[in-house]
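Shared between the two complexes below is subunit A, which pairs with subunit B and subunit C, respectively.
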Partner chain A sequence: MIETLGIWMAAFLTLCILSFLYKDNPFYKFAEHLFVGLSAAYWAVYYYFNILLPNLIQPLFGHGQLLLIIPLVLGIMMIMRLFPKVGWVSRWPLAFIVGSYSGYNLITYLQSKALEQVRATLVPFIQIESWKNLFTNPGVMTFLNAIAVPVVVVGVTTGVIYFFFSKEHKGVFGGFARIGVWFLMIAFGASFGYTVMARISLLIGRVYFLLHDWLGLIQ
Partner chain B sequence: MPNNVKQFLIVYPISPLCQALVKNAIFILTSRLMCILLFDMLLILMLMVGINVEAFDTPNESSKILSSSELPAPPTEVLVKDKPNDAGGSIIVTWGKSADDVEENELVKEYRVFRSGALDGEFELIGTANKGFEKFVDGTTIDGTQYYYMVKASDGVVHSQSAVSEAVSSSAQWFHTGRISMLVATVIICFLILWFIGKAKKGEKLYIRPIAGLEAVDDAVGRATEMGKPIMYIPGIADMDDIQTIASVIILGRVARKAAQYETPLLVPCCRSIVMSAAQETVKEAYIAAGRSDAYDADKIRYLTDDQFGYAAGVDGMMLRVKPGAIFYMGCFYAESLILAETGHSTGAIQIAGTAMPSQLPFFITACDYTLIGEELFAASAYLSREPLLLGSLKGQDMGKAILIAILIGGVILVSLGFTKIIALLATG
Partner chain C sequence: MNIVERLEKLDRRIIFLLTLLAVVIPLLLPIGFKIKVSEPVKLFYDAVEALPPGSMVLVSSEYSPSTMPEVYPMNQALARHCFKKDIKIVGMGLWPEGIPLNQASMEQAAEEYGKEYGVDYVNLGYKAGGIIVISAAAENIPNTFPLDYAGRPIEEFEIMEGIRNFDNIDLIISLSAGDPGVRHWVMIAQGRYGKKVAGGVTAVSAPAFYPYLNAGQLQGLIGGMKGAAEYETLLETSGTATRGMDAQSIAHGLIIFLILFANFFYLLGKRRKK
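Take a look at the complex of A and B:
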């Protein structure tokens, strides 16, 4: 009985959200507000029990880890913005968050998105085995294998050149930048197709729920 | 049949059936006695040569020990050392494989690593390593405490143990020597940025190429003003720990300043409470800088929900009801990007997006009027403000990119010629 009620509720809310495809309407508004309100409450409870409680309250008050007084004070300072007279106090923890994360990200980004990417691209430009394979067994796949490394090296180099901001994109430099844009757009096209496929599978999942779980039209 | 039994049967003749029964009973008894004697002798022999016999407790397993050739050879040369470049609490144990640790042999199935706080103390099992492995990292040590290790080769039932290792203790290191390349890169990039900031502050003109999406920012604000519609600014769904959100909040300052000058309402629905706080501070500052602190309304910068699709549903609803004249999507977006951009497109608003999420960029490119691709988002703050600090920073980053391209091209040439050591030089630990 409860399961059936749940399926009916889920189906009703699914249809309410899908009604947005026609236009904004009271059913969509109802589902939207319900979704926003419920999810806000859910995350508030989730953060308390999964972040505040195990990372601050229990270690500080339960195990006496006094170092955690610092984040506690910063948190209280952040809440001060609720009181207009002392609201300025909340700027300090904000500055701390932005500054510390910037410093932390500088290292992680430099490592994962710059040096490691360059290191992974350092491969012999001409893969002799792949070219031998191409000549002995000509075909699309062997050709793609043979040109894979040059494409990666040229793509990475021209792609980075496109992101030069302090030099005008003219002449040879501009030509490289244009090649970089082509590489980017081809990559975005491939990514677009791939993601659309994934989204269609989500839609199929929802339609299957309506036709199978709710209406029982398909087995 | 033993002779004494034959004599017994001759002296005391009995029926053939009874004879057969007695013969069998005596045969079984003598056989069992022989087995027990043999077992005891083998046990004594094994104890004398120091082989572990703890596995012989159960009757079923006793059959395994009857042949000493089934015992695995022990691991050799157990070496221990503190794990380098860590924050302490770890010791690396290595050993030489048992001679029986070969593919076709089942005598070694795993290695069992034991630890003790004293040479003659009790050793406790702390972990196992599969057959073929010669290393185990004990991540449960207390820094400064001495430990002794011993490794046993095991087939799951019987074990043969190595000699006890030397004493070792774990400690923390201040510097990760494997990350020298990171240090060098960070120092070079920071130096370049500071160098160009200094130049910019001295008044040197630094060029920035035109970025179409950013040149359209002022146009979009102007268009919304002319239409008498509000501006909507969506700072993405990531928190302030994401560099894209930080860049987005900086661009928000610029948009807010223009909006304040034109007296155009600015709506900022947020997915994270800290982003909302940062956005409120930024917008407030922009309104003060524009001399319109009276027009600032904190309620227009509101928190919706942390839930990705709950946020998307909320923003979609706002878009349809408010019908903004211009919509900005700047920051980190995931699957909600197309839902938002499509709805925004249906309202007829001019849309400018910017993100460094490669998987979402295609959707913004197709659904928005202008899109800032990747690093263009980070360059936006310098481009819009033209402040020497940000311009110098951008120039310094460009020089960093030039160095990376040089390393890339030079490295590929060297690797193609067989100089592969450059790959190790760039290792980041």
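Take a look at the complex of A and C:
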């Protein structure tokens, strides 16, 4: 019974939200406001019971872990943002967070996002095995495998050249920068394609819910 | 008013209606387009397949109901794959909303394969802190997660015997829809601790992870509903992702047609104005 009620409510709210595609209307407004209100309440309760209570309140006041006074004070200082006269106090905990997080992340970020990526680009320009494979087993995939490394190297080099702004993009240098723009455009196109796929997937998810769970038209 | 001018003033609701039909009709009347498995998904499958029975996989769920159509089918298929191979799952999450979804996936697969909570799988729940949690768990899992998702002490569970840190985990899989997610698992678990990491991500974020795959930082990658459908194909099961692929293909065809159609008439109109 409760499950059926939940499905009907979810179906009604889904239709309310989708009705915006026709035009703005009171049903959409109702669903939108309900979502915002529920989300705010959900997160307030969730953060209290799952973060503040087990990580701060219980260990500090229940088990006397006095070291936790430091994050408590920093947290209270952060809330000072709400009071304009003493708002500047919140800069201190913010500075602490930014500083500690940056320090913590710097090395790992450099390792995984820069050094490992550079290493992956520093490979022999001609992959002999891939070319052998192309000649013994010609096909689209073997061809793409054979040219993969040159494409990566040329793409990375020309892409970086495009972002080198200390020299005017003219002549041979400008030509390389233009090739870099093409690589960037292809990458943006691929990203856009994936974005379309993601949005359509979400629509499929909702339509599937309506046809399967609500109306029972799909087995 | 000629056809070009009429099309320029076309009510966008007609496009919405066409997109809706492109999704609804294939869901009601499936066509059964063939699903071709891509290399990143095959690598993901192989990474799990290579594990011997009794291995331990850590599945971290970093997604929410808003991205369920894309990531949840991966979660379900992964749980089935692990239990089919008698691989044990330690679940956790860096997003609180991902915990019940991961739990539901594991429970469903456990029922199908006769697996038991606490023996074959466990859900350690959510812990706030993102990258800090990964680092802490890498050093000491029981200290980082003393209780499971329902508040029970983890020492009660047989599966947790002998699990101290990431040395006792054979493969880490992050199913993520944003940050914290796969990126952070690569940074800490793979970069700092040298663990094997694989990822399942939403289609929007998938292009950003191909460099990680190319550099060998990821063992495999599933991207969006299409990737989930490929994974289901490899497992020879038909889940919600496979069922959505006909609609996905028709909708993509429609969008490609609309882009070409609109550009053709845009250029035609531009030429006429000259």
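Basically, the second predicted complex is superposed on the first by the 189 of 219 C-alpha atoms of A that agree within 3 Å, B and C clash if a C-alpha of one lies under 4 Å from a C-alpha of the other, contacts with A are read in each partner's own complex, and residues count from 1 in each chain.
Note that in this section contacts are C-beta pairs under 8 Å (C-beta built on N, C-alpha and C of every residue); 3 or more make two chains touch, one makes a residue touch a chain.
The structure displayed is predicted, hence computed values, not measured ones.
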item	value
Touched partner set for A:I51, first subunit B, second subunit C, both or neither	second
First, second, both or neither for A:Q111, with subunit B first and subunit C second	both
Contacts of A:T195 with subunit B and subunit C, given as first, second, both or neither	both
First (subunit B), second (subunit C), both or neither touched by A:L122	first
Which of subunit B and subunit C A:V154 touches, first, second, both or neither	neither
Subunit B versus subunit C as contact partner of A:A187, first or second or both or neither	both
First, second, both or neither for A:L72, with subunit B first and subunit C second	neither
Contact breadth on subunit A, by residue count: subunit C or subunit B	B
Contacts of A:D24 with subunit B and subunit C, given as first, second, both or neither	first
First, second, both or neither for A:S102, with subunit B first and subunit C second	first
Overlap of the subunit B and subunit C footprints on subunit A, listed as residue numbers	104-105, 109, 111, 116, 119, 187, 191, 195
Subunit B-facing residues of subunit A, complex	17, 20, 23-24, 28-29, 31-32, 35-40, 42-43, 47, 78, 81, 90-91, 94, 97-98, 101-102, 104-107, 109-111, 114-116, 118-119, 121-126, 153, 156-157, 160-161, 163-169, 184, 187-189, 191-192, 195, 199
Complex contacts: residues of subunit B adjacent to subunit A	181-182, 185-186, 189, 206-209, 211, 240-243, 246, 274, 277-278, 280-281, 303-307, 309-311, 313-314, 316-317, 320-321, 335, 338, 358-359, 361-363, 365-366, 373-376, 379, 382-383, 394-395, 398, 400-402, 404-405, 407-409, 411-413, 415-416, 422-423, 426-428
Residue ranges of subunit A in contact with subunit C within the complex	21-22, 46, 50-51, 55, 104-105, 108-109, 111-113, 116-117, 119-120, 152, 187, 190-191, 194-198, 200-208, 211, 217-218
Interface residues, subunit C side, partner subunit A - complex	13, 16, 19-20, 23-24, 27-28, 66-70, 96, 126, 128, 131-132, 183, 186-188, 190-192, 202-204, 206-207, 211-212, 214-217, 223-226, 240, 243-244, 247-248, 251-252, 255
